[in-house]
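Letters A, B, C and D mark the chains as written, and numbering starts fresh at 1 in each.
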Amino acid sequence: MHVGKSTSLYLPQLFFLFLFICNFLLLSLVYAQTDDPLLNSEDSSVAIPDSELVVVAPVTSLIAEDYKYDDGKQINLSWVPSIDDQLVGSKVLGYRLFRIIDDGKPELLAKLRCGANSYSDGKLKSESVYSYYLEAFSKNFIATSTRTVPISPEREWINFDRKYLFLLAFIIGGAVIFFIESARRGKKLFVRKIAGLEAVDEAIGRATEMGRPILFIPGILDMNDVQTLAGITILGRVSQQIANYDTKIRMPVSRSLVMTAARETIKAAYQTAGRPDQYSDDMVNYVTDEQFGYVAAVDGIMVREKPATVFLMGAFFAESLILAETGNSVGAIQIAGTARPAQLPFFIAACDFTLIGEELFAASAYLSGEPKQLGSLKGQDVGKGIAMAAILIGVLAETIGTAWNVEFMNDVVRWLTILFTTQ
Amino acid sequence: MTMVDIGRLISLIFIGGGLLWLFISGLKGKEVDRRIIFLFIFLSVATPILFPITFGEKATPVVKAVFDKVESLPEGSRVLISFDFDPAMAPEVQPMANAITRHSLTKGHKVIFMSLFATGQALLTQSLRKVVGEEFPELEECKDYVNVGFKAGNEGVLNVIVTDFKKMFPTDVNNVPYDSIEVFDGIKSCKDIDLIVSIGGGMPGVKEWVLFVGDPGNVPVAAGVAAVVAPQMYPYYPEQILGILGGVKGAAEYESELIKNYPHFAEMDTPALRMMGPQTLAHMVIMIFIVIGNVLFFVSRRKRRGK
Amino acid sequence: MKKAPIIIMALVTALFVLSWIFKAISFQGTEEHFILSGFKYTLAAFLTLAIFSFLYRDNPFYKFAEHLFVGVSAAFWMTMGFWSTIVGNLIPRVSEDLSHFFEVPYEPASRNLFYFIPVFLGILLLMRLSSKYGWLSRWPLAFIVGTTAGFNFVRYLRSDFINQISATFIPLLVDWHGIGHFFSNLSLSSVGQLVTILSNLVLFLGVFCGLIYFFFSKEHKGAFGAASRVGIWILMITFGASFGYTVMGRISLLVGRLTFLFKDWLELIS
Amino acid sequence: MKREIPLLITFIVGVVLIVSVFVPPTETLGEDFSVFFDIIAVFAFFLGGGNLVQSHFSKARKRQTDWGYSIVTLVGFVAMLTIGLFKLGNPGGISAPPTAEGSLFQEIFDFVIMPLSATMYSLLAFFVASASYRAFRAKNREATILLVAAFIILLGRTPFGMLVTGWIPESFDILQIPNMAIWIMNSPNLAGQRAIMIGIGLGVVSMSLRIILGIERTYLGGDD
């Protein structure tokens, strides 16, 4: 069945077999040793005279290794379980792991179940030296393993476990920057129409004609959420239009920081439009951090002030539909956008236009119309191209690999999975 | 006819008649005010709360499989029911645990109760007091059922009891030693148990029971899980899990199957069926509204085209 | 004209008092502060009904509930922010005296100076109140925006991009034993081979076409346009399905509220 | 200057945080910065709370429409803030958690905030119905697909799905509506969710870069 190439895959198995045999020899030695009555009598707590002594072998090949790519905080331990630790009729009841710091007294670190063969000790200090040993215990016997060579966790400066993450970030980030640059130099770029954003002008115009305010809701999360950030950047573009048309904007927010940021943004827009005197801080109001308290207030504003246009741009949760339905009931044109997949259906159902996920983040670039901003959208498409290519190759290779057991294809899948797995 | 029946009848006639009237007035070209929809939703939820309405849930094959298994086991079989859930999950899955407990005890099976969740033990005690204590007062603890309670260790517990039950549970919760518990006669490990029912959906839960006990010990495992996790369990059905109760609906299906086979259960508490009343009626009303909306849409479009 | 609101107001007040009396009577004997308990349950029920009244239309009761909600909850979160972040997180790291004052354990550590950065930035933020130095408040904003952008850059790349791609490496032919075996076992069983294969195929094509829909820099025409159309359909199924699936949970919420009214307040059902 | 320094701060902080992911000694920087964020956000409360008080106060003073309700907000706000900050009516005194069992603060939460919040949330049951009545109409192909998918799932969640299609034999049971509903959730629904998520990942990467590089700077205000 196997092609010549795959013989290399036997190597680990052979190595494992070798290890196993070595261990077995070692174990039998230790086993013989624990039969020694002297050794047993040494530990008085172990010997229980009235019942039969259940002697067990200790664990072997206990190795302590520095976890390579960290700040010098973690040591990984691995061992081969005691041969008396078996799935059926195990004599070993469990293990106790001890740690010695800087030649101090041994301290119990953890109790482990049968079958355990590894442990990660975190939150260590790179200045200290650590050594470990394990006890395997039966109901009346304790077998102690050899101590590990003392080591200290080391601080690494670069995490090579994340090299593929870096590679992908580099390629996609690089593509975005490349297309921004090339657009800046005057290369023409095509960007398809996004219906929701095409409608922005019209929606603002409508509010102007009707003499009613525009309501802008930036979601209910704070500035540390990237969707709120997207909402604020869109606000930047929208408020420029609003300033040009001299329409009224109303923006209740549920976070104080968002209030501050939104005020700066709108103020800047009015300055750019040459109407700084028209701006007032009253355009943006803080309501409350409480999710449904905010919703109650916004619903109230909607039915009382009857905005002509409502923008819902940012992170929304359950309130999405309450807001969108109330907005709909007062006859507002609603343009919504969120990157929360669970809330998108409600916006689709109740709003006139919805920006789906990626479109929300692309919106401010699209609305700006500046070539360099549009260039970044082209960069995103490179990322999509990579995703599609990877999925296509991955699916085909997986299909051929599993259906006809083609080893090369399985290797392709393995390699792709490593590339697209993050640490 | 009791007052409840009359109330139920009047409300249902009101809802049904109202919908019909809406449809007819819609055909005449009137728009439906959304407040009328609100009113119908309110009625369809409030009516079943005030006057309990239960719909004949017909068990889906996944649920029926569990019921049939309990039903087909000979009297005196050992059934293990594990309460693997915490109070947050309880409203959804505790009705399942109660229904299966009732069914097993009625069939004369000997039931072993346990929990892999620390907070599950209190819920287990609650169920025992309510179901066993009140509905099966003639049954004796240790002889007809046993409560071994919670043991820490997650799948480690399972790893042990698949080969040796006594090792993990030397006594029951009341410190009665294993060997003097009649239920455990002839039971050495989980392999001697005829059916394992894991109710939960978190970690550890159904998946661990399948991987650590069901598969290695070749013991049939049935599952009851919250609705959100149910889709993740389907890959195990029917090879590794013989049947699944998913969410309130799964519990309601089991309860209705129970009533179908043992009519006297209709008198007892059936929380899942009760919960399904408002759900079903409201879903129905929403679906009828969708249909009305579409019919009216097509009628008005035809009229417009006709002009 | 003006009579109707006054009558309604009086009626609601009377009902409130009546409910208070009845609830107090029903709590008598079981609770120590039965008059207070009666008030609490009546208040909760009144506020519940006030919110529900919004479904009919905006009205003074809703306005009252809404304004009360805003004031009380804003203060609630500010208080929580003060106790948990300032007293719980900041003070133990910057001041021993204040730690003693608030009875929180002081945590001396070398990195504590670090925590003066946010305090400094927070004070700069308050410069917003001054008309002369208001521009300084942009520094903390710039810091926050930079943090959000930098932090989420890698986070989203990982969880939403990379992990979703590797999760889609699925075989199109599941449990494949040749074409003959496939046809001889052909069935539409939900756990059968055909359905499983179909599932994976739909998953693969769905992700693929969905991504094509999101392409910005290529016109959606021809084969590309057709694929993008399929992408929209998949998205529509997604939205329809998620919508339908959520309905049940939403109704449970209403069941919860009505149960409170019928059971805890009116005691109509047991 | 007023604009350059903030841009520089954004650039440095953003780049440092991206790089920190690959450099173990700075790996926890992201977490540290979120603590910073929380602290700055509490300072911002002064601005937010101040704005709340000021706007309602001026509304009440100017006797604008509905000014009486502004007084309700003000009274509620001041009362709750006083109770919370001075831990009035808290059996444990100043060192007890503000939400201690039986404290006045917690009581107000339980009997005012909780019912209001839960009721507001439960309005969704009504809005879900009115939205589906309006939106689920077979106006065009896309809307029809939306409608059909939603309808199958709705049917699958009620006894009627089984009632109507329960007779279909097991070898064709994908055609039973409850099974079809599960299939839709697991297959096309999952595909759509994934496509959306991959797009979101790219959107965030690109927007973050625009912000860090200072191409997107609307949030920083003008040059005054």
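FYI, contacts are C-beta pairs under 8 Å (C-beta built on N, C-alpha and C of every residue); 3 or more make two chains touch, one makes a residue touch a chain.
Please read these numbers as outputs of a predicted model, since none were measured by experiment.
**Student:** Find the chain most remote from chain D, comparing centres computed as mean CA coordinates.
**Tutor:** B
**Student:** Give me the two chains with the most inter-chain contact pairs.
**Tutor:** Per-pair contact counts point to C-D as the maximum.
**Student:** Cα centroid separation between chain A and chain D, in whole Å?
**Tutor:** 18
**Student:** How many Å are there between the centre of chain B and the centre of chain C, using C-alpha atoms for each centre?
**Tutor:** Roughly 28 Å, centre to centre.
**Student:** How many angstrom lie between the centres of chain A and chain B, each centre taken as the mean Cα position?
**Tutor:** 34
**Student:** Averaging over Cα atoms per chain, report the distance between chain C and chain D in Å.
**Tutor:** 4
**Student:** Among the residues of chain D, pick out those that touch two or more other chains and give their numbers.
**Tutor:** Chain D, residues with two or more chain partners: 18, 21, 34, 37, 40-41, 44-49, 52, 66, 113, 116-117, 120-121, 123-126, 128, 130, 132, 134, 136, 146-147, 150-151, 154, 157, 170, 173, 176, 179, 182, 185-186, 193, 196-202, 204-205, 207-209, 211, 219-221, 224.
**Student:** Among the residues of chain A, which are close enough to touch at least two other chains?
**Tutor:** Counting only residues that touch two or more other chains, chain A contributes 165, 169, 172-173, 223-224, 226, 229, 257, 260-261, 264, 286-288, 290, 292-293, 296, 304, 341, 344, 346, 348-349, 356-359, 362, 377, 380, 383-384, 387.
**Student:** By residue number and range, which residues of chain B touch two or more other chains?
**Tutor:** Those would be 34, 38, 41, 45, 234, 279, 282-283, 286.
**Student:** What residues on chain C touch chain A, complex-wise?
**Tutor:** These residues of chain C touch chain A: 51, 54, 57-58, 62-63, 65-66, 69-71, 73-74, 76-78, 125, 128, 137-138, 141, 144-145, 147-149, 151-154, 156-158, 161-163, 165-166, 168-174, 176, 204, 207-208, 211-212, 214-220, 235, 238-240, 242-243, 246.
**Student:** So in the complex, the part of chain D that touches chain B is made up of which residues?
**Tutor:** 125-126, 128-130, 132-134, 136-139, 147, 150-151, 154-155, 157-160, 162-163, 166, 170, 173, 176, 178-179, 182, 185-186
**Student:** Enumerate the contact residues on chain C facing chain B in the complex.
**Tutor:** Touch residues, chain C against chain B: 55-56, 191, 247-248, 251-252, 254-255, 258-259, 262, 268-269.
**Student:** List the residues on chain A that touch chain C in their complex, please.
**Tutor:** 165, 168-169, 172-173, 189-192, 194, 223-226, 229, 257, 260-261, 264, 286-290, 292-294, 296-297, 299-300, 303-304, 341-342, 344-346, 348-349, 356-359, 362, 377-378, 380-381, 383-384, 387-388, 390-392, 394-395, 397-399, 401-404, 413, 416-417, 420-422
**Student:** Would you tell me which residues of chain A are touching chain B in their complex?
**Tutor:** Residues 87-89, 113-115, 329 of chain A touch chain B in their complex.
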